[in-house]
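What follows is a set of structures to go through.
Shared between the two complexes below is subunit A, which has subunit B as its partner in the first and subunit C in the second.
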Partner chain A sequence: MSRGPDLFGSYSPGTGLLHRASLRVKGLGIVVVTLAVVLSPSWPVPTALTVALMIAGSAAGIGVREWWRGLAPALPVLLLLAVYHVLTAGPAQAADVVLTIVVFLVVTRGLMHTTPLPELLDGVVWLCSPVRLVGADPERIGLAISLMLRSIPFIVGAVGELRDAVRARGLRPNPVRLVTPAVISTVAYAQRTGEALAARGFD
Partner chain B sequence: MTNVERRRAITAEDLANIAVFAALTAALSVLPGIPLGAAGVPLTLQTLAVFLTGLVLGGTRGLLAVALYVLVGLIGVPVFAGFRGGLGVLAGPSAGYILAFPFAAAAAGYVAQWLIPSRRANDGGATNARYERTGAYTLRLVAAALAGFVVIRIGGILGLVVNARLPFQDAFLADLVFWPGDLIKVVLAAVIAVGVHKAFPRIAGTR
Partner chain C sequence: MPATLGAAALVCSRVTVRAPTASGELTLLRDLEVRLDEQRVAVVGLNGSGKSTLLRLFNGLVRPSSGTVTVHGTDVARDVRAARRQVGFVFTDPLSQLVMPTPVEDVELSLRGAGVPRGRRRSAALELLERVGIGHRAEHSIYDLSGGERQLAAFAAVLAVEPAVLVLDEPTTLLDLRNRGRLMGLLDGLPHQLLVSTHDLGLAATAPRVLVLHEGTLVADGPPEDVLPAYEQWCAHGFPQEARP
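Up next, the complex of A and B:
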C-alpha cells in the first residue's frame, strides 16, 4: 500500500541555522518574504529570494531529491503559466509570476524540513487563539487536527481494501462502487470516535 | 425544517465527524485517480469529497470539516491533490479553488438542508417508503452539489485572475477545462450521498 510521501512531515533533524531558529523567527521570516514578494514590482526580488532561500535550505540539509519532490508537482502548471505570460506580456512578467510561486514552494520545503510537525501544529493552535473571541477553544482545533491525521491511514486503508474486493470480483472499480461503502465505513468510524471522545469526558 | 436549537455547541460526535470527514477529503484527494468512463481519464476525487462532505454533514459541519482539511494542507501536510501542501499553495494558481472548497461544502450543505426537510430523520429515515423513491431525492442533492460547484467556479476564477494574473476571460476559459469532470463529480457525490443517507438516516436530518 502506498500511503504517499511524508504524510507526517518531512522533518529531518539537524543543527544548522534554520534548525535552531525558533518557529516564531521562521514565522516572521515568512511574513517578511511574503511582504517583499507582494510589494516588489518585478522579477529580481523573487529571483534573489528564491536563490537565497535555496542556499539556506541546502545548508540545512535539503538534498536535490527533496527539492525536486517539492517542486515537481507544480512544474506542469508553472510551465503553462510561463508560456502564456511570455506570449502575452513578455519574459519579465513570466519570470515574476512563476518565481513568485516558486519562492513559496521553497519556503514550504524549508519550513517542513527544519520543523517537526508537532511543533508546527502547536504554532497553528497558537495562531488560532483569536477564535476565543467567538467563544471557540483553540485547543479543540488542535484536537481536531490530530484526530484527522490519525484517521487518514484508516480511510486510505478502507478504500484500498474495497478496491481489492471490487477487483477480486472481477468488477471495474467505479467511483460509486468504491466510495459509497468507504464513506459508510468512514461515518461508522466517526461515530465510534465520537463515542470514544464522549467516554473520555469530552462534552 | 424545524431547527429548534439554533446555535448548538459542537458535541463530541460533531468534532469526530468534522475530523474524520476532513481526513476523508484528504484521503480521496491524494489517492490516485479512478479511471472513469470509456476514455479512462483518471479523475482525482478532491472536489467529489468536498461536495460529499457538505451533502452528508450539512452546511455548518461541512464548512468546518473542509476548512480543517484546508488548514492542515496549508500547514504543510501534503493532503492536496498530487500530494501538494504548504503555504506555497496560497501563492499558486490553484489557491482560489482550495480556499473556495470550505464555502463550496457549506453551500452544498445548506442547500441540501433547505431542499430536504430535517423531519426525514424523525419519520423513520431509511425505512420510510416515501424516501425510498430516490429519483427526486437524488435530484435535490444534485441541485445542492451544484451550488457548491458554482462556488468553486467563482473562487477558482478569482484565484486565477489574482495569482496567475490572467485576464478574466482567459481565467474563465482555463476554468472551463474542469467543468466536465466537476459536473460528473456533482452527480457522483449526490448518488453516493443518497447511499450514505440511507445507511445513516440520523446523519441526514441533523446539521
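Up next, the complex of A and C:
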C-alpha cells in the first residue's frame, strides 16, 4: 500500500525554535492564529499569516517540496471554492475563504512536522480530560484522533491504487467505478485496524 | 523480561468455531482438543485450513462457538483483557498492525497502553527498536520501511508490552530471505513461548512440536521430523480424513 498524498505531513526531528517549543506554546499560537483569521475582516490577514507561518515552518525544515505535497491535494477543492465565491460574493471574499483554509493547512503541517505524535496524543488527552466528568475516556478520543491522522493518507492512497488497477485493466477510472471498491477497502482497513488495536489491548 | 510462564499451557478444549456466510454456516475449526506446553509450537496447513482461526482464539480475536480456550489458566472468554496481556499477536501484514506513523511512535503507543510513564516511553521504544535491529529507522514513516523492517517494527511493538506468549501468524510470508533470516534469528533469542502458523516448513522445523490442520480438523500432531514429511506427502497426494504419522 502506498503512502498516499501527504496532506498533513509527519514529524521530522529537528532542533529549531518550533521543535523546541512546548506543545502548550504551539497550542497558544494556534489559538492566536485562529482568532486573527476568524476576526479579520478580509484577505490580507490570512495572506500575511500564511507567509509568516511558511517562513517559520521553513526555518523548522519544511522545504518547498513538502509544502507543495501538503497543498497540492487540496488545490482542486480550493479552486472550486474560489470559483464559487468569486461568482457569488466577489474576488475578495473568495480570497479570504481560500486563504483561511490555506492558513490552517500550513499551521497543521507546521505542528505535525515539529511535534511527535505521542506528544500530540498527550496534549489531546489533556485537552479532553473534562470529558471524564461525563464518563468518557479522553485516552480513547486521543487515540481516535491519532488514528484519523494515520488513516486519511492511507485511504487516499488506497483510492489511488484502485485507480491504477482500473487503468491497468484498460478501463477509464471514473468515480462511479471506484466508489464500491474504495468503500470496501476502507471498511476492511478499519476492521484490520480495529483488530490490531484489540490484539494490543486497546479495546 | 516477559511475564513468567507459570502453568505454561495454551489449551483448547473441544473448541468449535463456526462463521456465518452467504451460503450458510462455515465450520472453521471442528471439535479441537489440544494442549500446548512447549516453548515453541508451529501450525501448518493449507490456506483456509483454520491456522489463523486457531491462533486468534488465544488472543480473543475469535470466540469459539463452543468449547473453552485458556491461556496459562485464564479463560479467554471470561477475561479477554487478561488473556491479551499475556498473549502478544503479530499479524501477517505489519501494515495492519502498525497504527502510528513511525515505528518509534507505534512502540510508544504500546508502552502507553502498558502504563509506562511518559518520560520513559521514547527512550524505551528506541532501545527496543535497536534490539530488533531497526533503531536507525525508528523515526522514518512506516510507508518508507521495507516489508522486513515493518515486520520487525510490529514485532517490537508487541514485545514492548512484555507478553508471556507470542503468537505469530505467518510471520515470514512477506519477507525476503535476508529478512526471514533476521526474524528467525530474533525468534531464536527470545525466552517467550511461541505459537507460529506458517507455510515456511523451514521455520516450522525449528519447533519441537508441529500441528497440521486440514479443513478445521487437527490431522497430525508431533515432532517435525515425523509430521512435516507426512504433510508434504498429503499436500501432493491428498489429505486423509484422520491421519496420525
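Heads up, the rule we're going with is that the second predicted complex is superposed on the first by the 128 of 203 C-alpha atoms of A that agree within 3 Å, B and C clash if a C-alpha of one lies under 4 Å from a C-alpha of the other, contacts with A are read in each partner's own complex, and residues count from 1 in each chain.
The working rule: contacts are C-beta pairs under 8 Å (C-beta built on N, C-alpha and C of every residue); 3 or more make two chains touch, one makes a residue touch a chain.
It should be emphasised that the depicted structure is a prediction, and the values quoted were computed from it without experimental measurement.
In the superposed pair of complexes, A:13 makes contact with subunit C only, with no contact to subunit B. After overlaying the two complexes on the shared chain, residue contacts for A:85 are found with subunit B alone; subunit C is out of touch. When the two complexes are overlaid on their common chain A, residue A:43 makes contact with neither subunit B nor subunit C. Within the superposed three-chain model, A:202 lies in touch with subunit B and with subunit C [touch as defined at top]. Subunit A is touched at more residues by one of its partners, and among subunit B and subunit C that partner is B. In the superposition on chain A, the residues of subunit A contacted by subunit B and by subunit C overlap at 117, 121, 143, 147, 149-150, 193, 195-198, 202-203. Every residue of subunit A that touches subunit C in the complex is listed here, in rising order: 1-3, 10-13, 116-118, 121-122, 143, 146-147, 149-150, 192-193, 195-203.
Residues 10-24, 26-28, 30-31, 34-36, 43, 45, 48, 52, 56, 68-69, 71-72, 75-79, 82-94, 163-166, 170, 188, 191-192, 195-196, 199-200, 203 of subunit B are the ones that touch subunit A when the two sit in their complex. On the side of subunit C, the complex with subunit A involves touching residues 59-61, 80-81, 84-85, 89, 91, 93, 95-102, 105, 108-110, 112-113, 118, 121-122, 139, 141, 143-144, 157-158, 161.
Against subunit B, in their complex, subunit A makes its touches with residues 4-9, 30, 37, 73-74, 77, 81, 84-85, 93, 97, 100-101, 103-109, 111-112, 117, 120-121, 124, 140-141, 143-145, 147-152, 154-156, 159, 172-176, 178-180, 182-184, 186-187, 189-191, 193-198, 202-203.
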